[in-house]
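Residue numbering begins at 1 within each chain, and the chains themselves are lettered A, B, C and D in the order written.
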Amino acid sequence: MQVNENETFVPTIVAFCCNWCSYAGADLSGTNRLQYPSNIKIIRVPCSCRVNPMFILRAFQRGADGVILCGCHPGDCHYTTGNYYARRRMTLLFSMLDYLGIERGRTRVEWVSAAEGQKFAETMKSFAAEIAALGPNRRLEDLRCRK
Amino acid sequence: MQEMMKKRAKTLLADGTVSRVIGWRRGEFSYDVTPAVFETAEEIDRDFVFDAFCGANVSKYLIRESAKEDGRILAFLKPCDAFSFNQLLAEHRVRRENVYLIGIPCAGKADIDRIKKAGIDGVTGIAEDGEDFVVSTVYGDERVKQADVLAERCLACKSKRHPVYDELLGEEGEDLPDDVRFAGVAKLEAMTAEERFDFWRSELSKCIRCNACRNVCPACTCENCVFDNPASGISQKAAADPFEENMYHIIRAFHVAGRCTDCGECSRVCPEHIPLHLLNRKFIKDIDELYGTYRAGEDDGTKNPLTSYTEGDAEASVVRERGRA
Amino acid sequence: MQKIGVFVCHCGTNIAATVDVKAVAEALGREPSVAVSTDYPYMCSESGQNLIKDAIREHALDGVVICSCSPRMHENTFRKAAAQAGLNPYMVEIANIREQCSWIHKDKEEATEKAIILGRAAIAKVLLNAPLTAGESPVTKRALVIGGGIAGIQTALDIAEAGFPVDIVEKEPTIGGKMAQLDKTFPTLDCAACILTPKMVDCAQNENIRILSFSEVEAVSGFVGNFTVKIRRKARYVDETKCTGCGLCTEKCPVKKVPNEFNLGMDQRRAVYIPFAQAVPKVARIDPDWCNMLKNGKCGLCSKICTVGAIDYKQQDTILEEQYGAIVAATGYEPIKVDRYDEYAYTQSKDVITSLEFERLTNAAGPTSGTLLRPSDGRHPHTIVFIQCVGSRCTPEKGKTYCSKICCMYTAKHAMLTREKYPDTDVYVFYIDVRTPGKNFDEFYRRAAEEYGVHYIKGAVGKVAPRADGTLDVQGSDLLMNEQLHIRADLVVLAAAIEPSKTARPLATMLTASMDTNDFFTEAHPKLRPVESPTAGIFLSGACQGPKDIPETVSQASACAAKVIGLLAKDKLTGNPCVAHSDEWMCNGCSNCASVCPYGAITYEDRDFRMPDRTTKTRRVAIVNPAVCQGCGACTVACPSGAMDLYGFSNSQIMAEVDAICK
Amino acid sequence: MNHDFKDRIVRMSGAAVEKCMRCGKCSATCPNYGEMEYHPHQFVYMVERGEVERLMASPSIYACLTCFACVERCPRGVEPAKVIEAVRLEVIRQKGQNYLKPDDIPATLDDDLPQQALVTALRKFAK
């Protein structure tokens, strides 16, 4: 999170992308020179099912304002079933965060295939805009990690 | 009931079916009852109690007890305990062959704090009498409506039937409808995000990280808990700030999601009276609504909803599309 | 303190135009534990790679971060270079500053800042990397083919041809499968037996092939390259090694009224029988449900007349245990039961038959010796109605949701052959769509309509009602005429949907191979790995993977064989070292990990642990087989204790990346 | 195409017209096919196309006996009879008057009359 009274708010966003579909989709949006905001940083994981809720909480703790998880479309998982598990885990986690009063928009799951460079860029743009509108993450921050 | 249990325990000890018995023993105060292991008829005669203060879930103790190469142990399980036991069985945490289970009925357990709040002090004992409890005190007997002093988890009882047992003492009861059980969660869900945030902030900020909720939880049976393991990257000894209070309870609830049998022990033991069961019950409610009714420990062959899936599962966006913010 | 080298690539101007590479190299050079940080126009070029190799040697680097294009592009290139310089290849991390930075941003300052953060994340990760070595496991050079239909036969022949021993396990007394029951095959109309039986004989004669007929797989353990399979050899009460297939017993057996399953119950066989003339192995079998000797000990005629003493009434099932490197599922299909579709009156009239029954009725070896006769009265049918899509393309409640794929073509074949042999017959085909993708398929269908005068009616049949005069009233709609028709038919043929064999589901469980909701085996990738199961070492041949016609089945069977040969040709299998592993001290043995593993890579063992108080505790713990694990990481999240972690993408590595990005 | 109409018919009937694969089994199975200008498969197709007004004007919709044979036989779960029922209902609604007032209905109920027949008859004849 970078906040300065005089500057506009530039959120920090972490995107977890599965190696086989979404990371390749992100590469494709690069190959096609499709712009999306630079405050989104991608972490490569083998599969969306590798993403532990702990990683997402960790990101919020360390100052992320939004976390998005991208994986293969259901049914297309490289490991056949990974994204199905990821979908359930994330649905329940997001629901719990919502229950605790954390803004719903801060987390998202999107399925992006290796062929969907356009979708990847669009998704990232819309997510970044949503987080910017939500403002800094204050409800789930670790004050000690504040710069 | 207590006498029936004692008698049966002594018979089973005498005929060699079991070598030990796990039940409850009174502590400093009459309402301060803890699980205990009895090895002789004399111990049972002297210390074994069973009354409306015996809320503690004994199933978790059976992990250790059933691993002993020391004959079978007799366990008296309330329906709650039996669900927990069954879940532990599914996770290979207890050895069934080393345990003899007697299912005992439970009409709900008394909450000593509610009794005290009702103005009853100097409690020395409790007895069930129809719809009431008769609480004996140093000042004489007091009669209270059960509904007024039952523990919250018992008012929202998930089941009065045993999913597993070797024999039953007494009759199986009737289950309550689910809406009673989820009323607390539904109430929170109906609030605005701000209200919910404020609610949880005020509750969770009371957490002193005593770990009692974890230590009592029959689903939290890890050999080495992630919060104690420096290599896990999230180990904490004390919750230092609001984030870690959230973090600890979210992670804990997530780790037991799909495995929590909703026995409510976490809330019972919390010295700060944080309604922790509302976190677990939220996961249960979500699972029921999204993936079909599932009761951990019921053992009807349904797979843990977090280790199974269907192709048509709801997308995570269902959370943001729900009713209101 | 570890020493890390950072190498920033310009990629010509691809990166350098938007990212200030010098500034990136400089900023990352200031990170703790970075011993050297430099930039170069093309890191992937030979001189670029030499630069990296020299730096590894010169600075005795423990890890390398390369800021360049996507790891999907050059990760392997740089890993190889590192290995050549003596560094473990898994100590290399890539920061993707081209596809995910320079190419998507225009502002140089912004892009440079992002490149530095991505570099930092890669450094944070590489600091926690561990040297990994790909595990090796030996390969048993023998394959098992489960199912002896055309798919299994073709796969076995191809594997055997390449010099590897193959066992075919077939649950029926003979190989041949469904194709053996067919009459002619589309679109060339060659006779099924003429092209199938030589292959069956080839199987029997090939010294690399062993046919285990009348046998079933009982248990499977092990993993790719090293499967152990228990096969139940069911008692056939005839000694396979002695029986010559002379058929004397099958002629003399007094029990004559046994429904003949090969002809779908349309005629009878004896209690001792050989399924059909060209059966392989040509060995008789006694049916214990009918044999008087086996039922009540009275008879023994076959034993008396057998010249070689092959009859053995005391034969028992035996269990054979074998080792295999690869297993092929070729369990094929079955037509669905059509009883439930009341409207077609299948159960009410003998003259409503399925297409497979029609095949037998037109087959020279069938119950009518190839003359098309009505089952009810043995008379020639003069009007035949074919109904398509019976149970296919339905809602799940009504039948199968998929298209069974073969029905359009075989119905065109049936219609055409009927018109050719019996030109006085009127043939109607009710269709929803006629689907004929395939070489010479549409031409074939058009010939049926144009040259043979088959009446194709776009519409469905709503009701088939037997009439008093023995004909059938077929009420259907003609959508193009916008009419409701009534056809007085002598014979109605139902193109029943096909479904996977009922034996496939239990087999899939044994193989830990995944299946879809219809019980078809799932392929590892629907486009790029169509003949492999996601479970390593399990291969798919034929209709067990989805509805297929014969040409397609044979192509897939051979493709499958090629994949098996590719596996068996290896002496050792090198695994992907980025696999899961469980810390046995932390493992609870709860089985959550195994229940999400798509590959069945996790097993459990009771292990003894020496506790600090000097007692020994026995605990159930998870063991990951690195040869089977593909490294998805599903188990790591299912594990509540955090005992399960993934090499190359460990919890701490990913969290370090998160920290570096959010800092 | 009139989407309002179509959406309303779909909503009222709860039938999934877009699931139709045009097999014609509904028309093949219809016992009153001969009395119709438009036939069951056309009912479905016309609603899918949004041609509801043409359908509403046709006497065919009253030729439907609501026997549910098409619903029973449809392999795709489209439920043509429910579509046509919704179209009839739409006609009634447009006319804005129903000859029966809801309050009068209980009195006319006969225990022997099947519920379904009663309801469809009311709708059909209350033009």
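By our rule, a residue touches a chain if its C-beta (ideal position, glycine included) is under 8 Å from a C-beta of that chain, and two chains touch if they have at least 3 such contacts.
As the structure is a prediction and not an experimental result, all values here were calculated from the model.
**Q** Return the chain whose centre of C-alpha atoms lies at maximal distance from the corresponding centre of chain D.
**A** B
**Q** Roughly how many whole angstrom separate the Cα centroids of chain A and chain B?
**A** From the centre of chain A to the centre of chain B is 36 Å.
**Q** Roughly how many whole angstrom separate the Cα centroids of chain A and chain D?
**A** Measuring from centre to centre gives 48 Å for this pair.
**Q** So how far apart, in whole Å, are chain C and chain D when each is placed at the average of its C-alpha atoms?
**A** Each chain's C-alpha centroid was found; their separation is 46 Å.
**Q** Two or more other chains touching the same residue: where does that happen in chain A?
**A** Within chain A, residues 53-54, 58, 81, 85, 89 contact more than one other chain.
**Q** Could you tell me which residues belong to chain C and also touch two or more other chains?
**A** Touching at least two other chains: 596, 638, 651, 655.
**Q** So which stretches of chain B touch two or more other chains?
**A** Answer for chain B, listing residues that touch two or more other chains: 226, 233, 306-307, 311.
**Q** Touching pairs of chains, all of them, please.
**A** A-B, A-C, B-C, C-D
**Q** Considering only the defined contacts, which chain A positions touch chain B in the complex?
**A** 53-54, 57-58, 60-61, 74-75, 81, 84-85, 87-105, 107-109, 139-144
**Q** Give every residue of chain C touching chain D within the complex, in rising order.
**A** 343, 389, 393-395, 397-399, 432, 458-463, 475-479, 482, 484
**Q** For chain A, which residues count as touching chain C in their complex?
**A** Within the complex, chain A contacts chain C at residues 12, 14, 19, 23-24, 26-31, 33-36, 38, 41-47, 49-55, 58-59, 62-64, 76, 78-82, 85, 89, 121, 145, 147.
**Q** So in the complex, the part of chain C that touches chain A is made up of which residues?
**A** Going through chain C, the ones touching chain A are 70-72, 96, 98-101, 103-107, 110-111, 113-114, 117-118, 121, 514, 522, 524-526, 534, 578, 596, 598, 630-634, 636-638, 646, 649, 651, 654-655, 657-659, 661-663.
**Q** Under the touch definition given earlier, write down the residues of chain D that touch chain C in their complex.
**A** Spelled out, the residues of chain D in touch with chain C are 19, 21-30, 33-34, 39, 41-42, 69, 73, 75-77.
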